[in-house]
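Should a chain be cited, it is by its letter among A, B, C and D, assigned in written order, with residues numbered from 1 in that chain.
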């Protein structure tokens, strides 16, 4: 029931928002709808429906669903204050806003569906839906850059999605001899049960396609090309959602298939592939961070880096590796969206996203500035924030098993750390550059996220830990 | 709507028996040959696409591609008695073989795109690469699909080559229309695979979803006001506005 | 006990949160610093009383969930807690007065208590996660303090280099801990002690620890951030960073290498000795060439860290040769010097801060004659200079004397490497000590003596009571530690016992309060007696002369060989004072040289002399690194500007490669 | 106990009493060697008395440091001298400081002297101080190296113990020779003797020690002169007791032994003074920037000695 609610609420909200023209009202409705679906998703902890042919709620995806709905909720609250300014500056018109809100809910629907789908075909459709909605929202400003970014995102995403579908079909093919035709051969729970008997070599090929297909969505190098521009040119709430959520959704799909391969003994271990792509992404993104001129693109690259870390962690697997991966993923969602909240306001008040034109934030806008510093410190893996814990676990646990990998990872971390600190100290310190007018911003979402990350770094509640450990065990 | 639940396949054992039966029954004889022929035809048409250097003719070949796909899909529908596949075939025929090509032609006309296709590497090299790709897909697919029944096996292998060829077109062609065409052929290959994997549910939904995707792309070329902003649909023109302007 | 200390830490952290609103009020500063003073004094007292006590431990449900946050208080930790909190208390007292002049308190006040708390936590932590969390948090807080005066781009640069080096060190420590913890993640120190590594792995851990702790302590060549970052912070923070934080790094090294790593190998000792000796000599040579007073002090910190590591290296050598008595002596010397350095470096930075307040100048070339304008500060600074120049009867001499005793205690080490390394380290130590004396003659002579070289120096004024009180207390402690070193050595005995299993014989029982660290060769030193002698002789001489000889006195212009020139420009400058040493050592070590441009005969333009002081470590180590980074980013940056088609081809190529891989794999 | 105390007291006074005489003798020797009659060997006493009686002319901007320094310098030097066995070992207070401590005490004196030189802020003071610290920065490590090698030989850094050891087990060693040469070089440098410095000159460019004390007058100057004399004596007697300890009266020996010790000591002093005079007249003053090579050689000798000892052990 509540599983349906997280799907129906956004769908209904999308329908309603499509017809409401007053943007204040629609923004409010947007927030309320997100809140409702958040509550519905939270209720999944206590009251969980039995998995059917199409929908599945298990320990793994509950984590993702709740996280998704939470960030979606805070982001909607942030966007309510964000778009008002966009209207003033005339970058958006009410008609587009109507569109925007509807799309927002539609995207939430798509992500929830993708997360709760028990059918790999359905999941694929849902991911595509979410992608399309974000494509539209990335292009919503309709500047040269926005359109180009959306186009790039769209083409690359479509190719990725196509590859993913091919992989899905191969999985079905692998399953069919064992499980016969029909829907069962695409249902998670069933697949998982019989995966041991599948033809491993076919699974391998399938996983390659899935890795590249969904990996494009995750933003792993060298499939990352769409990600920085899409983050940089779209509205900031969308950047927050992209980094915080959509990447996770694709990652989730990848994890599902990894579980499948993990069950099958004969199949190629997915670990090495994921580790390789992860390391590549971390180091590549680390270097790319240095020459970024656009602040949102900067953090987009840091998202690539973190996705690399997460995929690396899951590739290392093992209880610690998976735990670290889950933790890192959660922390990254919260932190990165918080950063984008503050960056969004900064870009609004300064009227630019060029790092060179922004300076002395801690003096001109102390709250934003220090918030940004805290966020960057968190994302760079400085204590006492949560990212530090997961990176601690990844690096230290890796070093004992594969020293070279750990050293490479540490190298990538250090490189990107340097870039982030360099940029943030340029932006936050020195004499103020650009307009210093007051900013009407809602700091609540940003500091809510940061507070959560801070607490997580020092103290993780036991139930959550048990939960993560259980999920980590599931991931094998 | 989902995979049509078939009457009378309840238990595992029963399914296995049925599968085995089908395999033996279909693997020889006309149905297999026709299916194989059609799939092979699709690959052939893809290679023809590689060969084209005029937009209009490329679009025509695309239409042909779609027609062949439609035939093959309907043949699958026929031999496996899966009528819902006819929908897919219909979509292929109506949407991809007629509407899209017409739309593309009008677009080429309206936007005044010059008719030659600028290729990155020479046609000959592209062809060679295409052949190599076909070989690769065979090399990859045939060994791994031993358990699968022959039709699906051939189909999957050929479908993979169609997919790779589509990608190759996208990669080696400079202008957007031909890239769209490449993407469509890629997607045709996936449809082929989906229908070839018999009994696969959601095939129709997926083909619909894909059609939506393509429609988006085509409409996108219109609606991104590309004619207003840029005087050509060459993505090269977009590169002036790429990432961070220096 | 440990609970009480943890409460102190909690109080400090709470204070830093409370400081955010309080920073706005004028009353905020004294309140915050006063509270810090109180808390740290309590913590210091607790530390003193627990040095001799049995170890206590506590596990809190924080940090790594399945592990919890382990905290343990043994003698070693207690001693370093004493160092930390003593320095912190002095700095807080000083800051009550000093910070009155500092602007932008909201950039200092919130981070100051957090910094103190973090340093305490590092020492208390007993598992890798809590340790590194506190360690990196310490870096973060101090970074915020370094960039407090953020308008100056130099400070921002210093902060950047600092935080990157710190994170580099943390990663190194992290890897080291990963090796100690093993694959199944036994992150608490108790488990690590049990893990026995092969000599190779142990050496890897040692090297990683040298990088991690050394980059924080300022071992050459990882010291580059230190002379940039320490002076950039407000002076009381500089005192903390130089005097205290480096000691926390020393603690980390001792904890990991001596406590967790198990029995050392002799070549490890050679590595540490070599690094220590190089650091000591290079550090003081850098220091003597500086114009900026605070930077000079920072470089001298590098030197003293080198001296401490020489002691530690000796201890390692003796440990490796199963000679606990020698190890105990060497370690005592090292720890004693750590304590002393905390004292006199704080004192000197306080003095530098006072000068900065009084004149707004850090550049020695603009100072001079301050002894007339600020006599108390001058006297206290002089005491600090004497202490750091290892002059008896002050404390600096005692620890260096002990280090020499440690060098002498066991000449017949079997390994050839140590046969060379130990005397070489001794020579470098002697050289460093002599050069330190020269360095601080220069610092005090140019800064405080002579005639003022700028209006600011001429109109300087004495600093406030709090600052003077802080300096006075620390100076008194310097003298005290020099007069009754036996007490200090006895205090250190349990600490040393934790690591080496044996401590030095009790010294307070020796008659006349002299110290005899090495029982069989009765080398003894008695600071108190020497002090009394000097005092008595001076007093008697003055008395006798004023009684029996003339005591008449006339003021007049300086004679100066008959050519008195009233302009202060005729004085020796800091650079000219350093010139002989620059010519003797600099040319060899740094390749310093002077470029003289003489105008041709008849040309009236001025002749110019330009001194060029290159920094080889920066030029040959860090500049290439930066260049490589720059080159790589430039190379990769093209990937940001490809066309969509090219990006597609990336995907395509990746796909083809993977497929080929699979085809081959089957 | 009383005996030891007595010996200690006697030797303290002896050092003080003999110091000017030693300087006088050196000057006399040098005068004679340069075919001059020269002043009486007691001239230094007269100078001191005259200086003590004179009033002090103090530069206007002289600080308290400038006035306190002479007494402290004198005290440090004298206390250091008291720790050196002159005619008898086993001094009661000798254990309050060893060779390292003595070096450091002289270092303290030098530290104060250099500061005092810079206090007035004249260019000469600066020259003197900066050259002095440069010389010291090489001389002091040499001294410490010598201390280390002696300690390694005798197993102690206590002068009394070393002297006693030399007295009984003293044998000819390479290291000892090296140390002796190094020690002499250091002594020459530290006492600002030719070829490092010229105590008699007031030719600006060559001054080191004299440049520092240029502004001193009256009793202050007297203190500094006396300190210099005591330091010279200290070095000579240190060399005497370390390298030619013959005749030293051991602890608790009879009065005759002490008498022998005193005679031997006086003999040694005379020899030292003559040797120094001869040396000074026979070599030329070297340029300031050749001094480092001179001293560097000494440092190398000291280090070489130590290395030899370390390597030779346990083989």
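By our rule, a residue touches a chain if its C-beta (ideal position, glycine included) is under 8 Å from a C-beta of that chain, and two chains touch if they have at least 3 such contacts.
Remember, it's a predicted structure, so these values are computed and weren't measured experimentally.
J.: Indicate the lowest number of steps between chain A and chain C, counting one step per move to a touching chain.
T.: The fewest steps needed to get from chain A to chain C is 1.
J.: Going by C-alpha centroids, which chain is farthest from chain A? Tell me that one.
T.: Farthest by centroid: D.
J.: Higher C-beta contact count, C-D or A-B?
T.: C-D
J.: On a C-alpha centroid basis, what's the spacing between chain C and chain D, in Å?
T.: Comparing mean C-alpha positions, chain D is 35 Å from chain C.
J.: Return the distance between the CA-based centres of chain A and chain B, expressed in whole Å.
T.: For chain A versus chain B, the centre distance works out to 31 Å.
J.: Suppose each chain is reduced to the average of its Cα coordinates; what separation in Å results between chain B and chain C?
T.: It comes to 69 Å between the two C-alpha centres.
J.: Whole-Å distance, chain B centre to chain D centre, using C-alpha means?
T.: Averaging C-alpha atoms per chain gives centres 100 Å apart.
J.: Find every residue in chain C that makes contact with two or more other chains and list them.
T.: Each of 640, 642, 644, 648, 651, 655, 659, 662, 666 in chain C touches at least two other chains.
J.: Residues of chain A that contact two or more other chains, please.
T.: 151, 155, 159, 201, 204-205, 228, in rising order.
J.: Two or more other chains touching the same residue: where does that happen in chain D?
T.: Residues of chain D touching two or more partner chains: there are none.
J.: Please list, in label order, each pair of chains that touches.
T.: Contact pairs between chains: A-B, A-C, B-C, C-D.
J.: Quick check on the complex: what are the chain B residues that touch chain A?
T.: 2-3, 5-6, 9, 12, 15-16, 18-19, 140-141, 143-148, 152, 156, 159-160, 163, 167, 170, 179, 183, 186-187, 190, 193-194, 197-202, 205-206, 209-210, 212-213, 216-217, 220, 224-225, 229, 235, 238, 240-245
J.: Once bound in the complex, which stretches of chain D touch chain C?
T.: Per the touch definition, chain D meets chain C at residues 52-61, 63-65, 71-72, 74-76, 78-79, 82, 93, 95-98, 100-101, 104-105, 107-108, 110-111, 114-115, 118-127, 129-131, 133-134, 136-141, 144-145, 147-148, 151-152, 155-158, 161, 202, 204, 214-215, 218-219, 223, 288-289, 292, 299, 303, 306-307, 309-311, 313-314.
J.: Please give the residue numbers of chain C that touch chain B in the complex, ascending.
T.: 640-645, 648-649, 651-652, 655-656, 659-660, 662-663, 666
J.: Under the touch definition given earlier, write down the residues of chain B that touch chain C in their complex.
T.: 120, 133, 136-137, 139-140, 143-144, 164, 167-168, 170-171, 173-174, 179, 235-236, 238-239, 242-244
J.: Please name which positions on chain C make contact with chain A in the complex.
T.: 61-66, 106-107, 128-129, 132-134, 136-137, 139-140, 147, 150-151, 153, 156, 159-160, 163-164, 167-168, 171, 174-175, 177-179, 181-183, 185, 187, 629-630, 632-634, 636-637, 639-640, 642, 644, 647-648, 650-651, 654-655, 658-659, 662, 665-666
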